[in-house]
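Here the chain labels run A, B and C in written order, and each chain numbers its own residues starting at 1.
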Amino acid sequence: MGIDSIKSYMSELLKKGQREDGRKIFDYRKIEVEVNPLARACGSARVRIGETEVLVGVKMDVTKPYPDSPDDGTLMVNAELIPLANPDFEPGPPSPQSVELARVVDRGIRESGAIDTAKLCITPKEKVWTVFIDIYPMNDDGNLLDAAALGAIVALKHAYIPKYDEKEEKVLYKELTKEKLPLTCLPVMTTFGKLDGNVFLDASRREEKSYDGRLSIATLENGAISAMQKGEAGTFTEKEVFELLGTAIEKGKELRGLIKKV
Amino acid sequence: MGGKFGAPDKMIIGGKRLDGRKPDELRPITIKAGVIPSADGSAEITQGETKIVVAVYGPREVFPKHMSIADRACVECRYDMASFSTPERSRPGMSRRSTEISKIMAEALMPAIYLEKYPKTKIDIYVEVTNANAGTRCAAITAASVALADAGIEMRDMVVAVASGKVDGKLVLDMFEIEDNFGSADLPLAYMLRKGEITLLQMDGELTKEEIQELVEMNIEACKKIYAMQKKALQDKYSVEKKAMPDAGEENGN
Amino acid sequence: MEKVFVNDKDIVIPGEPLAEGFDFLPAGKAFREDEKIFASTIGLVYVKGRVIKVIPLAGKYMPKRGDIVIGKVTNIGHSGWTLDIDCPYLADLNIGEASSEYIDLRKASMNQFFDIGDYALTEVTAISEGMFVKLTAKYRPYRRLVGGTIIKVSPTKIPRIIGKAGSMIKMLKDHSNCDITVGQNGLIWIKGDAEKQALVSRIIKVIEKESHLPGLTDKIKHMLEGGK
């Protein structure tokens, strides 16, 4: 292998605190959030981070609870990395990348207790609401993780529970109640890249092609962390991780500010 | 098929349909070209409440290699419905219905493409239905044709598609969901206007020979209107670039 | 019947009728069917006398003999290198076409000339029946592109990035002190100070996106001089 000159140029820029697209190390690209663009979902969001665009839809259905938590509603997160969004995505069964994306978003929400599952119980041991979160990237220009997690929490925040006909035991999907899906907090994800020893926030697809590794940190408003994930083959030192925890908490505040505005 | 559970008593009242349209009236349509930066070409269409995004990738290398055709491009289409596009959450991934629609969509678009200009390549057409409210395959073909043009792929003509059918004993154009569910016949058609060639034709239900003739003619009339919208979508995207083009002498676009 | 259906510099779409009559000559992305001429792509039509020419406004790069292209080395074989020139076909740089001097493999290994991951400026010399693209890098300015960065733009926008008689590229080079090489396949190589490379990359993206807006040259000058 020859020298990867694009990587060494990106590394040189990062050492000077700069990025190819003009950003600083810990800058996000421009973030836009659209609430409930999907007519048929209980709640939905379209999130754009730069040219990355993700659609997230929340759907609810009545199901049997798990035996070990008979009074709690359940959560299911799914991501479809459809080939429409990126020339490198292939059609077919879910790739490891899409499963990882869904599971990391899932943990950020589930472990924070953001969804008040006790309030999603209809009849203990028999009927509870299941919340389905479906993530569809429409254009991948890097950092799908943060866009998906942001889309998921915005869609949840603006979701209404559908009507349930107890007699017929049918969910009336076309009729939403005025009752909002019960949320307790707003977990958000911040993902850092690392290239040649330099850490930075919100990698573009071009940066993702050159970086060695990434670290995703989901934070809550009380300063707690609800999920972490190191990805790709690169490594992080403990010192880097400790510092990034602080940065993640700060950046989380910015993202939460955006959520509250829409 | 009439008299199904949940069907409205009447779907045409005083010559008007439940959404206020006349029998031969299209739903409002908007088409936008170039919505997915990662793709080589793309388009978004809304037709009533139906909403679809199409991306085109290619012509590009064929994998695996033995799938390539020596003297022309192969075309593959993937029609997919997002899990949140239907009232009840649909299971993600390809259903048998999606697989069939993907196949006939590719076949509806291939006659328009100069496949022989791109030997040994592949053109991928990816369709995502984000909100389904009847007429998705036709709207998808209309949008796919715009996406192919947006990708700069050489074509003989645009392909336009629309469905019509029979509701409450009347022949109607461009059904919406209730009409689609409780109507008695459905006839989707894709068409190349320049030479009058039908590239997709399906029908289900029960119709007479005369009714079929009337529906086909109604579809073709509607295709002319939709063609104008396809053209406008492409002109809107590219008109901004017009001013920046140098004179013909500086180019060698052979 | 002789008739032209379009005006000079109209935007036309695939299948659109442009003119009728056997005296007219289709050029570029225009084709004849019987007495009529049609466009085959989204493009701008130029009506110059009897010539009806369509210049495409979009499309992937398709190789032509004589094109100067930038490629990335993806494989080293026994008799040459395989290059990705961002088109649907792989391109081949034979060992005899790599240098103006004889390459003696007993004295040198192939990756001393071009290693995997390297970029090279080459010329398309032939496209065979089976769509095999042949390249040469035998003479100057064809060479290995050492260091720098590569960006990708739509090949249809290359003329605008070069500018009238090369004016845009010259301005970029002069103000940034970067070496800039443009491939007709849409790949552009930029080499200079890392910050200047990034600046030129951003400016080229602006030209690609906003080439239609008035005052583009002023905006680019402003960016080059350190503005936003």
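Brief remarks follow.
The rule is simple: a residue touches a chain if its C-beta (ideal position, glycine included) is under 8 Å from a C-beta of that chain, and two chains touch if they have at least 3 such contacts.
All figures in this text were calculated on a predicted structure; none of them were measured in a lab.
Annotation: A-B is the more contact-rich of the chain pairs A-B and A-C, by number of C-beta pairs in contact. Of all chains, the one whose mean C-alpha position sits at the greatest distance from that of chain C is A. The chain closest to the protein's centre is B, with centres computed as averages of CA atoms.
Chain centres here are Cα averages; for chain A and chain B they lie 32 Å apart.
Inter-chain centre distance (chain A to chain C, centres taken as mean C-alpha positions): 38 Å. The set of chain B residues touching two or more other chains comprises 60. The touching residues of chain C, counted against chain B in their complex, run 9, 11, 13-17, 27-29, 38, 40-44, 46, 48, 53-60, 62, 64, 88-90, 130-131, 156, 159-160, 164, 211-212, 216.
Of all residues in chain A, those touching chain C in their complex are 1-6, 8-9, 12-13, 16, 18-22. In the complex of the two chains, the chain B residues touching chain C come out as 40-41, 58-61, 70, 112, 114, 117-122, 148-158, 192, 194, 230-231, 234-235, 238-248, 250-251, 253-254.
Within the complex, the chain A residues that touch chain B are 38-41, 44, 51, 55, 57-59, 61, 78, 80, 82-87, 91, 93, 132, 134, 136, 138-141, 171, 173-174, 205.
Touching chain A in their complex are the following residues of chain B: 35-39, 49, 53-55, 57, 60, 78, 80, 82-89, 92-94, 124, 126-128, 130-132.
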